[in-house]
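Here it is, the structure, as structure tokens.
A, B, C, D, E, F, G and H are the chain letters, set down in written order, and residue numbers restart from 1 in every chain.
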Amino acid sequence: MGKPYTRLDKTNAAVLLVDHQTGLLSLVRDIEPDKFKNNVLALADLAEYFELPTILTTSFEDGPNGPLVPELKEKFPQAPYIARPGQINAWDNEDFVKAVKDTGRKQLIIAGVVTEVCVAFPALSAIEAGFEVFVVTDASGTFDKITRHSAWNRMAEGGAQLMTWFGIACELHRDWRNDIEGLASLFSNHIPDYRNLINSYNAQTGNK
Amino acid sequence: MGKPYTRLDKTNAAVLLVDHQTGLLSLVRDIEPDKFKNNVLALADLAEYFELPTILTTSFEDGPNGPLVPELKEKFPQAPYIARPGQINAWDNEDFVKAVKDTGRKQLIIAGVVTEVCVAFPALSAIEAGFEVFVVTDASGTFDKITRHSAWNRMAEGGAQLMTWFGIACELHRDWRNDIEGLASLFSNHIPDYRNLINSYNAQTGNK
Amino acid sequence: MGKPYTRLDKTNAAVLLVDHQTGLLSLVRDIEPDKFKNNVLALADLAEYFELPTILTTSFEDGPNGPLVPELKEKFPQAPYIARPGQINAWDNEDFVKAVKDTGRKQLIIAGVVTEVCVAFPALSAIEAGFEVFVVTDASGTFDKITRHSAWNRMAEGGAQLMTWFGIACELHRDWRNDIEGLASLFSNHIPDYRNLINSYNAQTGNK
Amino acid sequence: MGKPYTRLDKTNAAVLLVDHQTGLLSLVRDIEPDKFKNNVLALADLAEYFELPTILTTSFEDGPNGPLVPELKEKFPQAPYIARPGQINAWDNEDFVKAVKDTGRKQLIIAGVVTEVCVAFPALSAIEAGFEVFVVTDASGTFDKITRHSAWNRMAEGGAQLMTWFGIACELHRDWRNDIEGLASLFSNHIPDYRNLINSYNAQTGNK
Amino acid sequence: MGKPYTRLDKTNAAVLLVDHQTGLLSLVRDIEPDKFKNNVLALADLAEYFELPTILTTSFEDGPNGPLVPELKEKFPQAPYIARPGQINAWDNEDFVKAVKDTGRKQLIIAGVVTEVCVAFPALSAIEAGFEVFVVTDASGTFDKITRHSAWNRMAEGGAQLMTWFGIACELHRDWRNDIEGLASLFSNHIPDYRNLINSYNAQTGNK
Amino acid sequence: MGKPYTRLDKTNAAVLLVDHQTGLLSLVRDIEPDKFKNNVLALADLAEYFELPTILTTSFEDGPNGPLVPELKEKFPQAPYIARPGQINAWDNEDFVKAVKDTGRKQLIIAGVVTEVCVAFPALSAIEAGFEVFVVTDASGTFDKITRHSAWNRMAEGGAQLMTWFGIACELHRDWRNDIEGLASLFSNHIPDYRNLINSYNAQTGNK
Amino acid sequence: MGKPYTRLDKTNAAVLLVDHQTGLLSLVRDIEPDKFKNNVLALADLAEYFELPTILTTSFEDGPNGPLVPELKEKFPQAPYIARPGQINAWDNEDFVKAVKDTGRKQLIIAGVVTEVCVAFPALSAIEAGFEVFVVTDASGTFDKITRHSAWNRMAEGGAQLMTWFGIACELHRDWRNDIEGLASLFSNHIPDYRNLINSYNAQTGNK
Amino acid sequence: MGKPYTRLDKTNAAVLLVDHQTGLLSLVRDIEPDKFKNNVLALADLAEYFELPTILTTSFEDGPNGPLVPELKEKFPQAPYIARPGQINAWDNEDFVKAVKDTGRKQLIIAGVVTEVCVAFPALSAIEAGFEVFVVTDASGTFDKITRHSAWNRMAEGGAQLMTWFGIACELHRDWRNDIEGLASLFSNHIPDYRNLINSYNAQTGNK
């Protein structure tokens, strides 16, 4: 009775980072700032780790919304970067859509600020355009829980899959044997509890 | 697999404000009062800003339910105003339905007090009558979270889309270039964090 | 795209109160006890007010589960009362199903303790048997929120509608003019905020 | 309009316990540790009580993830035990799938750590392979509520049923008369409130 | 090092109910309304049960603040009733202070709406005037937790003791043997969990 | 045993607004932004209403901290305004202390951002200098509840009184008869529930 | 400026377990039941481990309050057991006070149900009688957080020290070298996270 | 009436980091892990920035408690490092006390895991020994809020001051002009909202 299982495939996925701008981030209040920063950087690190085509876009970055978070800009110096002149839904910007299509990927991993607009609008448009959409809920932030859960409902009803960065990394990686150290390092850098496990393990087994 | 993306269109949308009465508001306990007041007024302001046909209705306003919140009455002096003689579901009132149909709009943005009755009943009836319904979850209030989430579930299963006022404003506006100042002003008046961004920006760039 | 609007009809609805027993009530921890007691009694009062056929059932009332809450027993002295000898799903008890069918009603309003068992099992069975099911979420209680939301999801996916007692009363009543005083009295007895509105109103207008 | 009621049947169900390892458990922060431990052990006890075929699997148990929780290993000494060499989705491991198929059961009760990976991946794969899947939400843990509810949504949309250990026990047992003492004992060992009811009852009736 | 234990004594205590008015109650949002109503009525019942001199006072009851909650007026028809003409701190009203002094009691049990004003002001004034003050925290309500905890801190630093109605009843009663049935009845009427215990007990022991 | 009751006196009180700057406000996450904005403006309004000497101060307003919130600047055009060149504790700034002493007032009502620094430091210094200090907890904001409650504890232990704007207004006003309309208007502008009471009252009594 | 550090000493401490009865436990709603049960049993285990004189007492155990939790009765078969005939404050019972004095200990570790009565009353009386009192906050339960925090405040102001079972165990033990295995075992049995650490450690270092 | 204001002085303060070990950190559940990690590292950075003498100590680091968090070890390679052989209260270890006294400082800033033991015990002992103690509440973690608030109460009653790392940094720095860039950099590295302010500011003013 349910939807078929659409599984993320690292050869078919791309990452869209929408409007993680220094001003807009002050609007995010449904996730604590330390945690949200970590989630966004974890998503960026996994995009880099799995060599997923990544597209950056901003809205009015010369105004109060502020510039893209510098860490993202630095991590993806070669990525298509679309500073939208006004379109609120990134999918209404032809350059953005072209950049997405140029990746040749059919699975879109989307995160952004704020969830119900910068994520939900392009997510729903992308589904309409035939893409499979995976929303990174914990790297997307908004005003409060009412807004978050309204947006999640609208996106899920529209066919988007709700995931978090950790699940996405695991589904892309498939098998630890593909690269144990790389994945462990990604986790260790972004999950303090996991880092502690590794440090205890190393100390107790004489590793490292 | 999901529902098709039904996008709000400012030439095809109308706003229904149902039973925001001074007495009934004391029943609203799933949103803090400062925040709820702001959300309702923000919705009213966006209705005015986008020149959406707006319909006001109340239930027993001469009794304990109290009169319509005066700010709403003042903002829409020309709007159809249906003081229902007894129907709990506004859609059971012929004048109300006629007023809705007279707008010629097919997309209904509905908010009210309390969510599971004054919003859910006309929302489900309107869908049955062939309208597209967008519930403004953060401008609709009720007794507690159990009631809220039961009502959201019933409405979403019935085909309503759950949105918040900010997402609605963004989806209606489409492109900042349609009117930067107007939209920024709407946001600045109702989102303190956004107002701060603008004030910092102006101070730092010598604007204003 | 959504489900059709199935509207409660007081000539076609019956109420099933499942296992509100004095022992089992100590398991309910997802709702505060003062509030839960009030919700259950409000549901009982509305069943009586709308003269809905009501069926009582208990599970092992001679053991630790304890007897039916006395207030319910007293309110419905003539109601079918099925003390199940062992069946956990009330629908597995033939007397219970017979009592339901004997009402001739097709809309079943179900509440009970605990939600994921005493409510969910007969709710899903009743849908399978062709009934329309309305779960009274705020008159049904269970261990915690994980359990509540799992049960809500299972029931909603299975076709049950999630409502609360207030919404049910409003949907059954349809129009205040059918009996203003009766409905106001029901609300005043179970919603302290509403009672306050009425008392203020009466004092200020010289009523009563 | 809803999904048909798929009811658990003790002659057709198997239990899959995925990655309840001593290291990974430190990642679980959406449920309090005392409660989570109790839920996992309750699930194990019910698997044993209903003599359900049970399959254990771990991921990298020689590394920081740590060994399987000893209590589980001890309770199911004869159970298939698949220490996966690297596959993150247990269903990608042929031995695991073979063990599942060898049970001859079509209903899979799945719990694990962490929910969005170790539970969701095999749950969705099993549905794809034609099984009926029941997720034990309260014996599955993860980082936080954002992750939990994203995972629940993905699994429910994919066709899994969300349940908790208590509901599963009740649906499997069907009728108290099948074994009153056994079921009461299971509840008494894992639900302090229920144990209290029984102890009060026994003291007050002169039992035991 | 601590303060000496000042123990409530039923021959030396009086109850002050300050501004529990139907309008002002809509301001109370730090306690759920069902629970708050129950706590206030429980306090009234214990005042009556222990025959404590009780004083009622209101602030501007002819205006929007509304009349005293009718249940309180009815329960204490003979009690001094001071409708203050304007003093916000009830202790600034000479009639009120005289009524307090006329009781001859030195221990004042105070509850009211809102906590930081109607309770805190007379509490601090009464201490200054040489009384021992016991604040009934759960029968006093206010806007939110910030206000509640600020007010509690100010009152406790000023020498008031923070208690709840149940503790007050127990400290006044001293020994169950003074009247088992009376106290049990008070508890049963206001603590659903306690009522359930009694009902289970009666059913299981053949009591009635 | 407690501290003596130090009562606010409108002829002896002054208000200090410390660092309510547009940038710093984005750090405030222990109160929702709509509510915090309202509380700060309510405090400003009461300062004006009671004609309390008011002192404004900022920290590095030309840098990222941003300018003083414009509404405060506009409301107190004649107030001493100390843009501190670097002192973190406003009390370390001689101009600020001089401005305070010039008021001739001995009771200081302090609010600011962030609580544990901009409020706590001058509060503790002012007490040391012999002033009576009243902290406006709900017009002071900071990072989270851990910080809030640590700061409250340090200030209370140091002798500051914790109050909220509403309590301060009431303690300053003493008696409604001093000006009913003025105080009601202050409340109506900043307490939606109170405004609703007034609007209902006026409608029901024919007032306007 | 603070109180002197009164340090627990295992040769001078006794444990008082007050009214942990099977009926009364259903009143405890400020701590989850799995956690509360664990905390009470951990306290019992530490009392046994440190060979602290332990005193059990109950209130009306033949009535609805129910018998003492059997696990406690079994663990301390030789302990003084005072079934109080009616005194609510255990300290009003001469046998109880005699049992306490007979221990010759001056430091009393008290836990019970409910906190504001069964713990607070004897705690304050014991301080008055010259004892040092340590309240075990996490092995004492009550109706809700309002009650808990009122009771904590009253007891702390009265001179009691607020601790939890883990801190008490650590302060009594002083030095791991007194018995590493014994203390580790106590922790492992009652702190799932600690048990996991030990199990991981043993697996990784070849211990066990 | 309050305690005198004891102000932190960077020439008189030392930092004690107690038992931040990789295993023990899995016990910390009153603060989210991302946030806690950040707070601990912020405290370490401020210790380094203000060149405060810093002392590290661990408990049983070769066992399940695990090694000191590597980041702390690396940041303070020259710091006294006391691996305690068994004393639970670090102050019971002579080397630790000697290291503290050797700093010549009288103000001790203490953080650790878990709060009620590793922080509270040495904090209370140090006060007894004549030191001024400042507890860093947000860099100290423990099992849950009951434990946290019990420990805070015990420490505050004993004379410790409760602060957070940000307040400590501000009180030590006194005046931005001592080093604007250094302090801003400390804040930017550990407060995402502050970093955003700086990045927006730089972008908008052309800084870099």
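Heads up, the rule we're going with is that contacts are C-beta pairs under 8 Å (C-beta built on N, C-alpha and C of every residue); 3 or more make two chains touch, one makes a residue touch a chain.
The structure displayed is predicted, hence computed values, not measured ones.
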Would you kindly count the fewest steps from subunit E to subunit H, each step being a jump to a chain that touches the current one? 2
Mind checking the rotation angle between the two copies, subunit E and subunit F? C-alpha superposition, nearest 5 degrees is fine. 90
Quick one: report the Å distance separating subunit C from subunit G, using the average Cα coordinate of each chain. 41
Cα-centroid distance, subunit C relative to subunit H, in whole angstrom: 54
Which integer distance in Å separates the CA centroid of subunit F from that of subunit H? 31
Two or more partner chains touched - positions in subunit F: 3-4, 23, 26, 29, 32-33, 64, 66, 144, 156, 191, 193, 196-197, 200-201, 204
Each pair of chains that touch: what are they? A-B, A-D, A-F, A-G, A-H, B-C, B-E, B-F, B-H, C-D, C-E, C-F, C-G, D-E, D-G, D-H, E-F, E-G, F-H, G-H
Under the touch definition given earlier, write down the residues of subunit G that touch subunit A in their complex. 197, 200-201, 204-205
Which residues, counting only subunit C, touch subunit D once they are in their complex? 3-4, 23, 26-27, 29, 59-60, 63-66, 85-89, 92, 114, 116-117, 120-121, 124-125, 127-128, 143-144, 146-147, 149-151, 153-154, 156-160
Subunit F-touching residues of subunit A, taken from the complex the two chains share: 26, 29, 32-33, 144
Would you tell me which residues of subunit H are touching subunit F in their complex? 1-5, 7, 31, 137-138, 152, 156, 161-164, 166-167, 170-171, 173-178, 180, 184, 191, 193-194, 196-198, 200-201
Provide the residue numbers of subunit H that touch subunit A in the complex, in ascending order. 22-23, 25-26, 32-38, 61-62, 64, 66-67, 69-70, 191-193, 195-197, 199-200, 203-204
